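Residue numbering begins at 1 within each chain, and the chains themselves are lettered A, B, C and D in the order written.
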Amino acid sequence: MSAQPLLRVEGLSAFYGDLQALYDVSLDVHRGEIVAIVGANAAGKSTLLRSLSGIVQWTGRLSFDGHDLQKLRPHEIVELGLIHVPEGRELFPFMTVEENLEVGAYSARARRRVVASKEKAFELLPRLRERRHQLASTMSGGEQQMCAIGRGLMACPEMLLLDEPSLGLAPVIIQTVYRKLVEINEAGTTILLVEQNLKAALRLAQRAYVIENGRIVLEGRSEDLRDDPRLTSAYLGR
Amino acid sequence: MTAFLSVENVTQRFGGLVALDRVSLSVEQHRIHGIIGPNGAGKTTLFNIIAGVFPPSDGRLALGGEDITRFSPEQRCAKGIARTFQVPRPFNGLTVLDNVAVGALAGSSNVAEARRRAAATIELLEMGEHAGNLASSLTIGLRKRLEVARALATRPRLLLLDEVMGGLHGGEIDRMITTVRRIAETGVTVVLIEHVMPAIMSLAEIVTVLDQGRVLATGTPGEITRDPAVIAAYLGDEVAA
Amino acid sequence: MGLSPATVDLVLASLLLGGLYVTVSIGLSLVFGVMRVMNFAHGEFVMLAMYAVYWAYEAGGIDPYVAGLVIVPAVFLVCVTVLRPFVLWLVNSPPLVQVFATLGLSIALQNLALLLWAGNFRSIRTSYSNTLVDIAAMRVPLTRLVAFAVAFLLVIGLHLFMKHSFFGKAVRATAQNRRTARLMGINVERIYVLVFALGTSIAGLAGVLLMPIYSVHPGAGFQLALIAFVVVVLGGLGSLPGAVLGGLLIGLVEVCSGYFISPSMKQIVYFAVFIIVLVTRPAGLLGQRGAEEVGLK
Amino acid sequence: MTGMFRIQLALLAAPMALALLTGDSFIHDSLTQVLLWGVLALAWNILGGYARQISVGHVAFFGIGAYTSTLLRIGFDISPWLGMIAGGLLAASAGVLLGLITFRLRGPFFTMATIAFAEVLRILAVNLRGLTKGSEGLTLDSTPNAAMFVFGSLRTYVFVAWVMMVGLFLLSWMLGRSKTGLRLLAFREDETAARSLGVNTYRLRLLAMGLSAFFTAIGGTFYAQFLLFIDPDSVFGVDISLQMALISVVGGIGSAIGPIIGTYLVVPFGQVLRAELGAQLAGLHLVVYGLGLIFVLWRMPDGVWPTVERLVAGFSRRGAGGAAKSGTAA
């Protein structure tokens, strides 16, 4: 592993009002990696990503690409190339696919390259080119997920934070989405993936952290975790 | 045994999206019936339809033989259906006691009586020491218990619990399991939607598994955990990356 | 069957009036669509702009439309500087506070006008006040024609701006999903302030266009705001095409009820229309159901 | 609790005590106005505070009350005491009807609909000259006659207004402690949760609307009998609606004492401002008013009373019951 991680999280605690959702979470992601955060519902996985993109209150130390995230507002974090693709797609429902993509390139760093980025996104996700003039809310779940990922790519990310890209999708579609993620990663984008779909996530990622009740309880290389009995028991209760 | 709550061919569409596809389910009286499934399987949609948040696009609901498909939430409450909310919705400006007393109002002649009944329910949920505190000051674990207390105060025949274990610590989960079991022993039928698998395996007598808006399997917990289709749906398919 | 001159007359009068109402209302609709704040002081900005035109003309002999070139940018400037903290506080406040804070602003501005210009009706007479223009055998006052033309250009311009500019897309994104807009790198606070300034400047523009036609008094803003509410609800909450349709419809309703029933009852008629629309289509004619949650399209 | 209770008693008794201590007719006149605003703010608070439906059209009910009793008195020689009840019932019916029409509207849309409703009534009152004499207004016989709700002494008006305000305060207080009060609290905290617990929120809103309209109309009759002259602008003007709401918001909505505190702060403040500034600088007092409202909303979004209550509770932490903060406390 290279010396300086791209993303470093140290002693992160996060809050919704008076409710604490994360307790003293620490993790590293290195450039070029795919890292997965897995765990049951409401374990705090999404909160971790929201802390990174600056839309929930948190304490601790977060640094990305050498920048301290403490004082940065959400749009400034986007300018660093740390891009969050939220859970449940969250497309802009009354805008077309193409408009959704363009809004993804709103940041100054991405706006200059909007035409080229759109072409690249269409190349990687040809379905979006077909549907470019359709309203985002009228597409199927898989297409919406593609659009959300495409929108994230439009921001020219150094690192993508993906929150449950498999949510509500049929297995065959999940497979397609995941293949695209591999391509994106191979093209040089680091990925931090939050997943509930355990096996799929462990196939994709090189390393994973298991989160339970807001705390990291297990971490390691994916192939070691895959057969770890502690993991299945946390999930299936047997 | 006849079904106490029966869900017949319920379909729910949101725009072009089919969230539930001809789901049928029957809950027998005095049972704890679990509903599980991966995220996005349609559990919450099904729950909302049973609780009356919106009517289904198609299909029918019956409670004790009576058609309740088009009943409003307050009518369902009067018929003996009570629910909790997955993300707790306490009345923040009210004390814990008054929160529960709202649930007890229907069967009481005045507020004092409702508060007395609420106090008893609060004891049952082992949160007596918090009765005078504002609901907004509670931790997540206590908010979940408050949800249950409030619903229970309406004296339901059918109690719908929506992920009451979610976000709880180990010890809290054990307490909640004991509580739900105790409630069921008083003769209340319980429908439990849950993500925390150990909890549902130890509580539920019958489990229905939803996936992609359809019923994947129904059976005892033992049968369910051995069903290969369920394992695939729940742990996720082996995806060749 | 040919159209009778009276019919043409009515339609033309409706269009001209409707165009004015569109200008008065569209800023309110824009602000509501993006910020989910109903600005009860919107009419007062129209009224103050009318007074500004009056004052410039009376004190300096400045032509109303020339004064507008200064007044409209000035309104914008006031919004992004003096009112900026107010706007940001407003957008993050509960609905009750939003209603009363904008009502409080409305009371203050209305009485500021009373303080500065007293309660009388004020109007201006320019060299072209009585100029009529011939269109298709009809004679139309020049000032009304100017107002209509500007309204027309405004609507087209605003539509193109919202549809095709990067900023316009960011505005729509913010309206449709505030939190996700942040994740796109949009400085949502900046959008709110600019949209409020834009919507309020359009109110100022409306004042500039109205002053050569009507007289002004401190309560005029409230009367105009009432019309704007009707227009916005009628057309569809937060929908810009809806505001255009609503404005034209209310123009038609007002002209026709004035002509066929009685001028004093025209307000009753459009309030009746307002109540009927609220009951039958709460989201308005062009609004989507649940548009209150979804926002600007 | 007893400390707070004593404060409330003192606040209620103060205006009557002042009226008995002085014979100054200017003070009696001011007190009558203050108490009338207290009645109106309390009435508004039943809908705006307890049910959180923000109406800025309540002057509609005020005008209905004023015109009903006045027209009955002039046309049929019916005592305004009876006319007051008739006006109240008519206003309550109008309120329920308005509620039925607007029950689907939320937030500012409900507010807008109430403004429109009041404007419709104002325009009707101006235009139905056969009935209302339009802008000319209606004048009542000023011969003192208690049976006809006309008194020779200003102090009697103070007393009647005081009885009305205290009565409505007690009613609000009891409403707050009743089953309906608890349901209303639940409704305004979270409608979805309240409905799931069996609260029929639709019926609740209509009830609040009806009660609120009834008592507002009673205030309208009192106003007509106090001034013995009404016209559309004075009893259907939107500024009355605004002030009713504003007083409650400043004092603290949703409690029985809040609107009274608001009345004591806002009305004399307005009277003094008008007396000091009104003559040479018309409008300045209302500029101060508007900005003052924004200031209160900014610093004390819950109003003055809850803020004071919190301060007092902070001094005497007793931890018992927490009833003082449950909101049912008057």
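By definition in this document, a residue touches a chain if its C-beta (ideal position, glycine included) is under 8 Å from a C-beta of that chain, and two chains touch if they have at least 3 such contacts.
Keep in mind it's a predicted model, so treat the numbers as computed, not measured.
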item	value
Taking each chain's C-alpha mean as its centre, the one farthest from chain B	C
Interface ranked first by C-beta contact pairs	C-D
Between chain A and chain B, centroid-to-centroid distance (C-alpha), Å	31
Separation of mean Cα positions, chain D and chain A [Å, integer]	54
Distance between the centres, which are taken as Cα means, of chain C and chain B, whole angstrom	49
Junction residues of chain A, two or more chains touched	none
Overall pattern in which the protein chains touch one another (line/ring/star/complete/other)	ring
Interchain contacts, given as pairs of chains that touch	A-B, A-C, B-D, C-D
Chain A partner contacts - residues on chain B that touch it in the complex	15-17, 38-41, 136-137, 139-140, 163, 166-170, 195-202, 212, 225, 231-232, 234-241
Of chain A, residues touching chain B in the complex	18-19, 40-42, 137-141, 164, 166-171, 174-175, 178-179, 182, 195-201, 203-204, 213, 232, 235-238
Residue numbers on chain D that touch chain C, as the complex places them	52, 54, 56, 101-102, 104-109, 111-113, 115-117, 119-120, 123-124, 126-127, 238, 242, 245-246, 249, 253, 281-287, 289-294, 297-298, 301
Complex interface listing, chain C residues touching chain A	166, 169-170, 172-173, 176-177, 179-188, 294, 296-297
Complex contact set, residues of chain B against chain D	51, 53, 72-74, 77-78, 82-83, 85, 89-95, 98, 101-103, 105-106, 108, 110-111, 114, 132-134, 150-151, 153-154
